[in-house]
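Next up: some structures, all given as structure tokens.
In what comes next, chain A is part of two complexes: it sits with chain B in the first one and with chain C in the second one.
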Partner chain A sequence: MAVIHDVMPAFELLQPNSTDEAQSILARYGSDAWVLAGGLDSFDWLKDRIRKPRVVVDLSGVDELRGIRVNSDAVEIGAMTTLTEVAQHPVFREKYGVLAEAASMVASPQIRNQGTIGGNVSQDTRCWYYRAGWPCYRAGGNICYADTPEGRNREHAILGADRCVAVNPSDTAPALIVLDAKFVIRSQKGERVVDAEDYFIDPNIDITRLHVLQPGELLAAVRIPSTWAGARFYFEKIRDRNVWDFPLLNVASAMFVSNDRIDHTRIAVNAAAARPLRLKNVETAIRGMPPDAATGAMAGKLAVQGAVPLQFNAYKIPLMRNLVKRAIGGVEEATWT
Partner chain B sequence: MDLIQWATSPWGQSVPIHIAWFLIWVSVIAGLSFLIVHAIYLRYFAKPRQFVSDQSILDQIEIPARVARHSIAARAFHWIMAAAMLVLLFTAFLPKAGIQFDWVTYHWIAGVVLTASIIFHIFHASFWQDFRSIWPDRIDMKDAWHRTLALLGRPAPLPRKFAKYPLENKLYHGVIMIVGLAVVVSGVFMMFRIRTIFFTRNPYLLSDMTWGMIYVLHGLAGVGLIALVIVHIYFGVRPEKLPITRSMIFGWMSREFYLHEHDPARWTVTATRASDAPFASKSED
Partner chain C sequence: MPDAKNSSAAPAAQVFGAGRKLIGKDYQTPDLYAKVTGRAKYAEDYHAPGMLFCKLLLSPVPHGRVKHLDVREALAMPGVKAILMPDDLPPPADTLTDNGTVIKANPKGERALTMEPVYQGEPVLALAAVDELTAADAIEKIQIEFEPLPFVLDPLETLRPDGPNARLDGNFWVKPPAAGKQTPAPHLGELKWTEADFATAKDGQLPMGKTPDQWSYGDLDSGFSRAALVLDETFVTPDTSHQTLETRTAMAYWQNGKVYMHTGTQSTAQTVPAIARWLNIDPSKVVLISEYTGGGFGSKVTAGVSLIIPALLAKKTGTPVMMRISREEETFIGRARPSLMGRMKVGFASDGRILALDMFVLSNNGPYDAQGDAGTSGRIVSLLYQPEAMRWRGATILTNTPPRSAQSSPGGLQGITIIEPIIAKAARQLGLDQVAIRRINCPEGKAPFSGPVDGTRPHATSSFLKQALDRGAEQFRWKERVVRTPKRIGSKVRGVGVSLSCFVGGTIGFDGLLVIRPNGRVTFQSGIGNLGTESVIDVHRAGAEVLGVSWDKCDVVWGNTENNLPFTCVSGGSQTTHAMTRAAHATAMDARKKLQEIASKTLGGTPEEYEVADERVYRKGDGRGITFAEAAQRAIQLGGIYDGHECSPELHKLTKASVAALAGQGLVAAAKDTYPRDGFTFSYVASFAEVEVDVETGQYSLVDFLAYADVGSVIHPRALGGQVLGRSVLGMGHALGQKWVYDPHYGAMLSTRFYQNKPPTILDVPVNMQWGALDIPDPETPVGARGIGEPPVGGGCASILNALSDALGDEIFRRAPVNADTILTSFEAGRPMQHPLMAYI
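Our next item is the complex of A and B:
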């Protein structure tokens, strides 16, 4: 693990008061700027002196980026809204329980009080080789230290790896994918809206980033349409320490059931690949089937097809199989196999 | 301004990791600059080419209407290699220019095609073609010196017409051979870093320093190929070179073009008056 130096490299701290001002700053400094939301990911990088940005743009003073706005056809969450606010907001607890559940599972209460929804979906991977500043693929180098015979890769990818085997550690990302959330990205060129599942990118597209944000761009808000309001939800997170940890794997599902048959559903897992994976093949396969243990078992097997374990993470395959099984059949119905 | 990007390995060793990516644009600009300068020179400054006239050999041989220049195998190699090369360049450098897509798989498959085609070419050229026809000979060097003197306004004898390939063509082949082999050999090693159907992935095959040099060599050769390919395509579409380009498609060039550019004494074609057959050459490559 990297040594925490506690003394950050010198940078210019800019604290805009509005989105326009923030965009202007980001456009001016481009890749020299570091966006600071809750700071929980950022301060690791800065204190480790792995990242040495010229300017840090602190968004804590931009009120437009805070708060939860509910209207008739969608709920909009400002990117700077804390995870605690998301986890405790009545509209999420009543209509979008999967997101409230996911947000409440992030790290510890203190971290949730400080961490933001925008930061949680935009945080960098936890691969310790990468975060220790080693010149791996993700850092612009030409090797993956985790994907070696002796590499410590217990937490790494079983699916979708391409040279880099790091995983996305977000808990809220799979929940937002199953809710068909839209991510609102703003820059001086204007606004673009991307589907939650398209916000995240694979290493074969860009090995140095986990998401589509380019220098100069800002994740402003997350919009959740009413499509899945009131659906039958499931979220489960497996971690080494239940009081405070990143996921070894998590799963989120949303399901509408009629006449004891799955009408339509969305399922996503995270920490299995460099991006949260929406399991479209599973969604298609279980449509019209009863949401029970048998369907879950079938879905679990389907979900892990193509998985390639590394030296120390083969356990993730049965883990993912069982999480998908439980996401469909329920905890009571589905036993661990 | 560093031409190579360096990093500190986990053991504290400073190792190269790859070239500086701005070299992509250096190569693009170099290639485009060459063609602009060359086009301006030919349009406004170049004097008409003159060759020593030797009609005596024409009395001894007969030239078919269609002079065979490239066999079907040679043409197939050329176009397969060209397609593979373009795929390699686009998949390597478009992502660096900001166009993101799943490039790695296409890149290594194109690399395998290029490698296979080059191996074929080496054997084909060595054993079935006139191997020496693409290498500069003494007459080429002497004529090059005479042409240089004439360019400088100094008195010099007229050069002879070309053999099967002009000296510039031979020199280009030499450069592309060196650069191509560099990119292929380094690329084969780099396939040990990714998962393919060919090798068991082994990132420990070489030391960090050696791996770094492999990546740098691959990068330098790769950006060099950008300029080389630009220049090659430029010459391929120049009006006075179109007969040569057409011969790479159809396999033959006209008798008129042959007699205008080539020395029958240096590139002997089969003399069969009865035959205007498209493939009548002693050296097919």
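Our next item is the complex of A and C:
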């Protein structure tokens, strides 16, 4: 059968107005349904005819999935809230700057106006073999094309690879992990809440998915507890272009410091592995140490222990080492006269 | 939003076009509102009643032969109307040139469809249906299998003794010598190097085996022996798609035996013969409608051969057919710049003067027609740096990758990008200022270039690049920037770079055509494509200036070949502003002469006693005269040469046909540019860049940029600024990240989407980029103007590379683009870690 791209196949478009309605549709159609949020990930799959769902469930009309609700002990972000709204909301800018900054660095202004927080954390990998429809492990086959002697893998994993070397491309995911966010998942069976870091999965759990959502389930909201409000934050994203680019690597950290000593901290990186990595060994190692360049340098070295480069991505090891260093010790701002 | 006013503004002090009313002045082009309001209609915006849509079946393999094909299920689908196979295409037609030479068609050249695809993504067949969804569903129902054939992506791999060839008959084109009035078609040959050729190249240096082409002048050995410094460096430039925002979408229908074609093209008048040749029909049977084109950059010089697909399907079905080309399809069939692998041995005197230059280039040509990039790279380098002695050797090698074509500064960008880092390195080693070393090698006046032709080296019409370099350095505050300290704060390092840049800037010998109408208005017939440069309108200001007519009394007709257009240059090679201001000038002079003659016939006296100005022709002294309106009415009464019933025998047949069609509508003026020219026309740019690099992440940003142009007389400052900076950005993409990535095992492109092949965005360039222009007229053209589209491109790329090596040292990169991976690994290791010769990483 010949292959053709760039023409969306026919599907049934269902546009529920409520979460209940959405859930009943998802329960009815199970794995035949495709959940559509902002569409930035979905439309690529659909236009290339690599995914041909029978039903597309467009959540844009479900108002209860939108908006930022500030409570006394948490902030809840509806999964359909746009990245622009997250980046610009005062509560994030003032108390959870790491998330505002991460959201503001996603892709381009146009994409942030359309893309949602739920979509950003639930998007699929951008491995160019997998996205082009190659029958790899992740697509149900038995080869990883990126991890071959001639495979092109500049943007692939240095950690945690298991058959597949694709990476998670989300910018907001590591920020949500350091904020200890809770992901609220709903289905007709009820609601379950998972920690941000447990939302994402390795290939050895399920090589075909990056997250825990099962057919029939919906990511409804992301809750940010007040635990890390006002902490010392750091976020940095390295990319080839200043706009409209996925991360080569990103880093997020949150830290409470007293008497110039790190009380407690959380640190996470993404685009290094198939899931955003919380660096617990680093967090433990630096507790009680001063948040300076020396601690950062030590932490950076610790962070990349066990990293295995592929042919074209060895740069990610010094990059991750340096980003972790900066996430702890900061980076000197250069002002030129 | 970046400050658009700043980003294209000339320095406030610059006033162009001294003593002139229209030339050198800003104005609003008549297509502006349509473009900014969306009213402008591009090919895809046209719809015809009952129009069908077609989709393409693209080859999944880099080289193969269709061994099994079953389309029955597809054709049986409701709504599917027709299928077009390679056998349905007309045979390739020969070209008959205007001087009577027959250029034989290449039987192995590119066609719109093929049963033996030679690159992944090449169209095999097309199918028309009532809508695109039906067409796509039907394509998926086609059973097709390919017999795999040998393929190669990398020019060096095919040059190995046992390397595969891209084509079954060879890996390069052999051009037989012309035989009388006939230019034979090229044939395929096989070029292989020896193991010894490869073995002698060490540490990533480009091997140098035998090449089919070479030239030289001067005494290389003497130059090298006298040199205070000799550098021998390898550098590789990227393959880059043209990335026009409008893809090569085309819509066609047939009416009264003529094909009506809507598509984007760089060159309206000249696309008609191309369509006629591809369809093997007479040019009089072709009507092209192309009022707006969403970018060309060399990929649509005369549109693209794929446009015959909807034309043939429209003929087959008796129904209009639209072929919308998607972004991925455009990446495959939409043309690209060939990568050049270059090696240069350069001998410098202690003052920086280049005494000897030995240049060697390999061009990655794709599978079809040989592009001129390799040869042009040598010519441009010889002109721009004026080496005392030089040898150029080159080979253009076929690979199973998408077809290449000229892309803004074809060969110029690559040559400049290969030599500039070497000059920067030499300056550092010799302790010279970067501007000074370029100044001492800079072309001046009627500078020679290339190897000898019939014993003599050709020369440029003029070059004032030294002044542009000086003015640019002053405006960029070069001297202040190079001594500024510190260079490094924390992990951030700053660097500044300068580059020379040039490209061809003009041809001669084309026609102009205008009508002074009985209502007193002047209509300029423009055969130029509306490709975004504004030359389609701008050049006619030169005619209006000669006639002394105010611009609001002028109209420009463009974009539809039924509207009687003159024989016009193609808009490629930055020739339009030069060629067509000359034609506009000649035509206005013809109009002027006719006005004077009509006045003398009407009011007495000799024609020489009459002046033309303010939309009148009047007697010097007493001011008695007639208006343009009256002169146009008289022209119609007089007939003959005055109203277009007769015309100059010098005109091209296309212009003659247009004159005949306009005859009787007013005073018809038409002329061929026969002005003399001594030398070949080039334009020049001095480019300056400053970068800030974070050595802990390898990420860098371009913080400042200036381009100062020597383009002869400035015609339209705002459009010129748009070209100088816009085309600089096109060049910057080659430094900042634009590239192709291929899986070499499968011969498949991985970077088919914008986010993967990474053209530069508006946020990758500084908000306040600056430009300037000398505004010194070229002495070899009556209006003084030269072309500008391509000359800035090489400098956009090379100035960034030079700024990077100023910041980081010489041991970081040996290929472009340069990104975080290159910088980080090399800076850590203290030597270039990225292999320069590995293709498509």
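The working rule: the second predicted complex is superposed on the first by the 326 of 337 C-alpha atoms of A that agree within 3 Å, B and C clash if a C-alpha of one lies under 4 Å from a C-alpha of the other, contacts with A are read in each partner's own complex, and residues count from 1 in each chain.
Following the convention adopted for this analysis, a contact is a pair of C-beta atoms (placed from the backbone, for glycine too) under 8 Å apart; a residue touches a chain by one contact, two chains touch by 3 or more.
It should be emphasised that the depicted structure is a prediction, and the values quoted were computed from it without experimental measurement.
K.L.:
Which partner does A:128 reach: the first (chain B), the second (chain C), both, or neither?
P.N.:
Touch partner of A:128: chain C, not chain B.
K.L.:
Applying the document's definition of touch, where does A:326 land relative to chain B and chain C: first, second, both, or neither?
P.N.:
A:326 contacts chain C only, not chain B.
K.L.:
Touching A:145, do we find chain B (first), chain C (second), both, or neither?
P.N.:
both
K.L.:
Examine A:59 and indicate which partner it touches, taking first as chain B and second as chain C; both and neither are also allowed.
P.N.:
neither
K.L.:
Tell me which partner touches more residues of chain A in the superposed arrangement, chain B or chain C.
P.N.:
C
K.L.:
Could you say whether A:154 touches chain B, chain C, both of them, or neither, answering first, second, both or neither?
P.N.:
second
K.L.:
For A:10 in the superposed arrangement: first (chain B), second (chain C), both or neither?
P.N.:
second
K.L.:
Which holds for A:242: it touches chain B only (first), chain C only (second), both, or neither?
P.N.:
second
K.L.:
Chain A residues touched by both chain B and chain C?
P.N.:
In the superposed arrangement, which is not itself an observed complex, chain A uses residues 132, 145, 148-149 for both chain B and chain C.
K.L.:
If you look only at chain B, which of its residues touch chain A in the complex?
P.N.:
Result: residues 5, 7-10, 15, 17-18, 95, 100-105, 193-194, 201, 203-204, 208, 211-212, 215 of chain B touch chain A.
K.L.:
Which part of chain A faces chain B closely enough to touch in the complex?
P.N.:
The touching residues are 132, 134-135, 139-145, 147-149, 162-163, 201-202, 204-206.
K.L.:
Can you list the chain C residues touching chain A in their complex?
P.N.:
Where chain C meets chain A, its residues are 55-58, 60, 132-133, 135-137, 139-144, 326-329, 484, 489-492, 494, 692, 696-699, 701, 736-737, 741-746, 748, 750-752, 754-756, 758, 760-761, 763-764, 819-822, 824-825, 828, 840-841.
K.L.:
Sort out for me which residues of chain A touch chain C in the complex.
P.N.:
Its residues touching chain C are 1-10, 49, 108, 126, 128-129, 132, 145, 148-152, 154, 236, 238-246, 248, 312-315, 318-319, 322-323, 325-326, 331-337.
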